[in-house]
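Please find the structures below.
Paired with chain B in one complex and with chain C in the other, chain A is shared by the two complexes that follow.
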Partner chain A sequence: MAYTPQYGPGQSVVAENRRKQMNPNVKLEKIRNVTDEDIVLILGHRAPGQAYPTAHPPLAEQGEPDCPIRKIVTPTDGAKAGDRVRYIQFADSVYNAPSQPYQRTYTEAYRYRGIDPGTLSGRQIVECRERDLEKISADLVNTNLFDPATTGIRGATVHGHSLRLAEDGMMFDMLQRCVLEGGTVKYVKDQIGTPLDKKVEIGKPMDAAWLKANTTMFHTLVGTSYRSDAEYIEYIQRIHSLRTKYGFMPVE
Partner chain B sequence: MADAEFPQCRIVTERFLKPETVEKILNKLAVIPGIRRIVINGPNIPQLVPYGPARGLPNPHSGRATIRVGETDVDLRVQVGTFLLELETRDLVQQIDEACKEVFTNFSYSIKEGKFMKSTPTQVDYAKYGPRANEIMLGLVDPKNKTGPTLLQGNR
Partner chain C sequence: MAKIERAQKLFLKALKTKFEGDVADTKTGYYNFGDLKQSARKKEFIEASKKAELRRGLSMYDPYRCHLGGLPMGQRQLMTYEVSGTGTFVEGDDLHFVNNPAMQQMWDDIRRTIIVNMDLAHSTLQKRLGKEITPETINEYLHILNHAMPGGAVVQEHMVETHPSVVDDCYVKVFTGDSELADQLEKQFVLDVNKLFPAKQAEQLNAAVGKSLWQAIHIPTIVSRTCDGGTTSRWSAMQIGMSFITAYRMCAGEAAVADLSFAAKHAGVIQMANHLPARRARGPNEPGGIMFGHFSDMIQGNRKYPNDPAKASLEVVGAGCMLFDQIWLGSYMSGGVGFTQYATAAYTDNILDEFTYYGMDYIKDKYKVDWKACTPNDKVKPTQEVVNDIAGEVTLNAMEQYEQFPTMMEDHFGGSQRAGVIAAASGLSVGIATANSNAGLNGWYLSMLMHKEGWSRLGFFGYDLQDQCGSTNSLSVRPDEGCIGEYRGPNYPNYAMNVGHQGEYAAIVGSSHYTRNDGFCLSPMIKITFADPSLPFDFAEPRKEFAKGAIREFVACGERTLLMPAR
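== the complex of A and B ==
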């Protein structure tokens, strides 16, 4: 019998959104059009138009050892060219941001190859070869995984995900990498906080109704409460019970 | 006076405030006679980038502004989200609530009575102010910070 992944439990809209994001057969909804050049500017790893610096010669030139695994695994474009490994990091507000660290990691692991996601409580980093990173970043920013106000691209000093929003609806950012100007969010600094020569427009913040309908985070006050999803509760109680009784090798 | 315990209250807003809104509410509070001390709280906005490859670069931030309260300039170093107030009498809370109602129109806020300010010196306070610390200074500013509190001209 063929195995069909379920991706996650739950009957609520949050659970459904989680499954949609994780399932690679569901196309992510494209919402905005941030150009590749703008993505490169926000990432801050290289100047737009600059050749990709390399960490090693291209695989075709350096002579690969005879290895069965290398024969099975096709290298990504970045790996083939010998690109450096670079990163993008996101902070997601608890106030109905479209994605959140664990969710991002699951989503990326299901959808992309050659990545190394790192999950932390308030931020999520994904590392990969530079040219692969730029493609993945464009996906992560341009689709329904991103909201200009409640998601931040933050390489360092990420504090903000669990704080109240500002009066204008923006998530707190100690470095104020992006500002809301005339209803549009513009990045004025790259992800580590170096000022940009030009403002990078990233789009209008999504409205509260869209956020509530598209979030993957439970929130009792502003969103869907966790307790309202009976299936999720049942699932988590089962995991808790099995872990408590049997540690990491649950046997029923 | 030293042994007297003054009532305190805390205002928490649903959203972090813009400097202009902080200026508005502080100017409303400053004219209420009988507020002894006000502490404004929120996450720090550093002058320089504190971590990462850009460490040490200047950190322009619209929240780090100078506002004018009464006749005095106040440098904001935090994104304000909480006000702690020490009052002479409890009945001032009503007036404070009215001031908040006028300013916080687009989002909610809460006012709670209780004890919110530090009352006994910590070790760091002791190192900074010595054994005879002025009680009014305790909890008003971070003792490690070189800048002191802002004094507003009294209105009576």
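== the complex of A and C ==
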């Protein structure tokens, strides 16, 4: 019997949003159109148009050993070319940002190949080969996984996910990498904080109703109560109980 | 699980003092606080650094140049903190152990302590050498030992000695469960269990110690600072040996001295901490080797507040976070400076206190546990269902409080801070309801899983390692897989690298005993030794002591000002 992923329990809108983001059979909703060049500027790893720096020669040229695993696993484009491994890192506000750290990691793991996500409380990083990263980043920024005001692209000094929002609705960023101008969010620094030569527009902040309807985090004050999703809590307690029992005595 | 009403919010005073405006607002202003200059302490740092630079001719603290290439801290409000349970507001910097002499003294007082049995030595003296042991000879020996332990010579001519003013924190007292013997010893030397402890605790302690006689020894702070924890047993054993030689007129080189040395260095010794394996490379009496049961015996909140196991446990949290997070993991193991920011969350602003007392209300309301009575009789059987219910409800309540008060979420701005605090309240509530430390730990791990799934975040990477496999080892006691909570410690597998856990684990262990009004958790000797009112640090009130240190009112030992020119 083939395994069918369930993508998590729960009957709330939060649970449903989580499943939709994770499930690769559900198309992510394209909301904005930040260009490839602008994505490259925000990432800050190379200049637009610059050749990809490499960490090793292209696989076709470096004489790969006869290896059964290499025959099974098709390399990504970036791996084939020998690209460096680079990153994009997000800070997601607790005030209904559409994606959240573990949710990002699960979503990326289901949807993309050749990635190395890392999950913390205030940030989530995904690393992969540079040309693969740029494609993935375009997805992560241009779709319903992203909100210009409550999602930050931050390489370092990520502080802000748990702070109150600023009066203009923007998540706090001590480096103020992006600013709200004329109703549109513009990046004035790349993700690591280096000033950009031109401002990069990433669109208007989503409104409160959209955020509440699309977030993947429970929150009693601004969103959906965790307690109200009894199935979700029951499921976690079941997992915990089973782990406890089988750690104590791993027999039926 | 069902939410219960609790009107009192212990954290509100702190939030209202720290933040301007409505503490429940979700929006505020930023980038206009005048950066570092909003903090008196940071300004002091800058001035102090200027003076140091002039003196030494080298650059030093320079945040306007060095922090983020010229962008200093303080783009948001730099908060003060109320040390929980004290009403004292302090600057965060003053809770770093480098800036806080009370914190240093707490650790000094543990590291420089050794407990040595006297019965073995007395047996050697009586049976092997035919010496008479009487209360009078013991008193004489203790006089000599309190001369020798700080560094006074007792046998040889023309010896160097230590200056009493720099070692006046060094002394030896004794304790026994034999009231008759205790009454015959000079009061100045005796830790009187019956006076120091509530009656039921004293009864248990006296019964556990029995007729044995033990020495509670504190070598000079300055010695353990200059050397290490492994020095403590050696320093004490040397002075014990010399004092026995003098007190009982022994030959300095006779073979029986070896028996006394063996008793004082090995056979009759209780170290405060076990030595660590080579990969962590520390001797005995260093923080990584302290078992959680022993640590919750060192902290004396339950002796002073026998009817408030929550408060007694919260004192362990504060002391444990300071020692295990700030000093052990923060400096010994990692070398970082920032661990203080994680650790202080558990003992500031009464946030963990509020979550824990919610748990107390819950176990009283639902399970009829009269937690203030502290009796074994009304404890709940620790079934999985009970653990899930109590820890689940305490976790949900805590998460909802963070959500309802955005300033509190901002106060605990890191997920690791929140995770430790929420799980601690859950574990303590289960521990106090069930009187079972492993059930308490199991409640901790359920809390972590619920927290992670609710908010889709937890702590830093380390939380993945420790908290997502913790359910599985919390009730296993097979070697290398688990252990009862009392015998776990900072070097327990999986516990060895993660800030925000070890102080709380120790408190969970303690809570399961405090709730029964037990005299001790793991060692009656350690419990009695740290009840000593002569210790510079008051182990019954660690949070109050930290606050005193932060506002520069705590007087520590081991100072060298007598020996050098004033600056």
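By our rule, the second predicted complex is superposed on the first by the 242 of 252 C-alpha atoms of A that agree within 3 Å, B and C clash if a C-alpha of one lies under 4 Å from a C-alpha of the other, contacts with A are read in each partner's own complex, and residues count from 1 in each chain.
Everything that follows uses one rule, which is that a residue touches a chain if its C-beta (ideal position, glycine included) is under 8 Å from a C-beta of that chain, and two chains touch if they have at least 3 such contacts.
These numbers come from a predicted model, not from an experiment.
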Chain A as common anchor, with chain B and chain C clashing or fitting: clash
Touched partner set for A:G155, first chain B, second chain C, both or neither: first
Residue contacts on chain A - larger count, chain B or chain C: C
First (chain B), second (chain C), both or neither touched by A:N33: neither
Contacts of A:L165 with chain B and chain C, given as first, second, both or neither: both
Chain B versus chain C as contact partner of A:V179, first or second or both or neither: first
Touching partner for A:Y226 - first (chain B), second (chain C), both, neither: second
Contacts of A:P195 with chain B and chain C, given as first, second, both or neither: first
Doubly contacted residues of chain A, that is, touched by chain B and again by chain C: 157, 159, 163-167, 172, 174-176, 193
Residues of chain C that touch chain A when the two form their complex: 1, 3, 24-31, 68-69, 71, 73, 75-76, 384, 388, 392, 396, 399-400, 403-404, 406-407, 409-410, 412-416, 418-419, 442, 445-446, 449-450, 452-461, 464, 471-476, 481-482
Chain A residues touching chain B - in the complex, by the definition given at the top: 155-157, 159-160, 163-168, 172, 174-176, 179, 192-195
For the chain B and chain A complex, residues of the former touching the latter: 13-18, 21, 43-46, 49-54, 57, 59-63, 79, 81, 106-107
Chain A residues within the chain C interface of the complex: 18, 94-95, 100-103, 118-122, 157, 159, 161-167, 169, 172, 174-176, 193, 216-222, 225-227, 232-233, 236-237, 239-241, 243-248
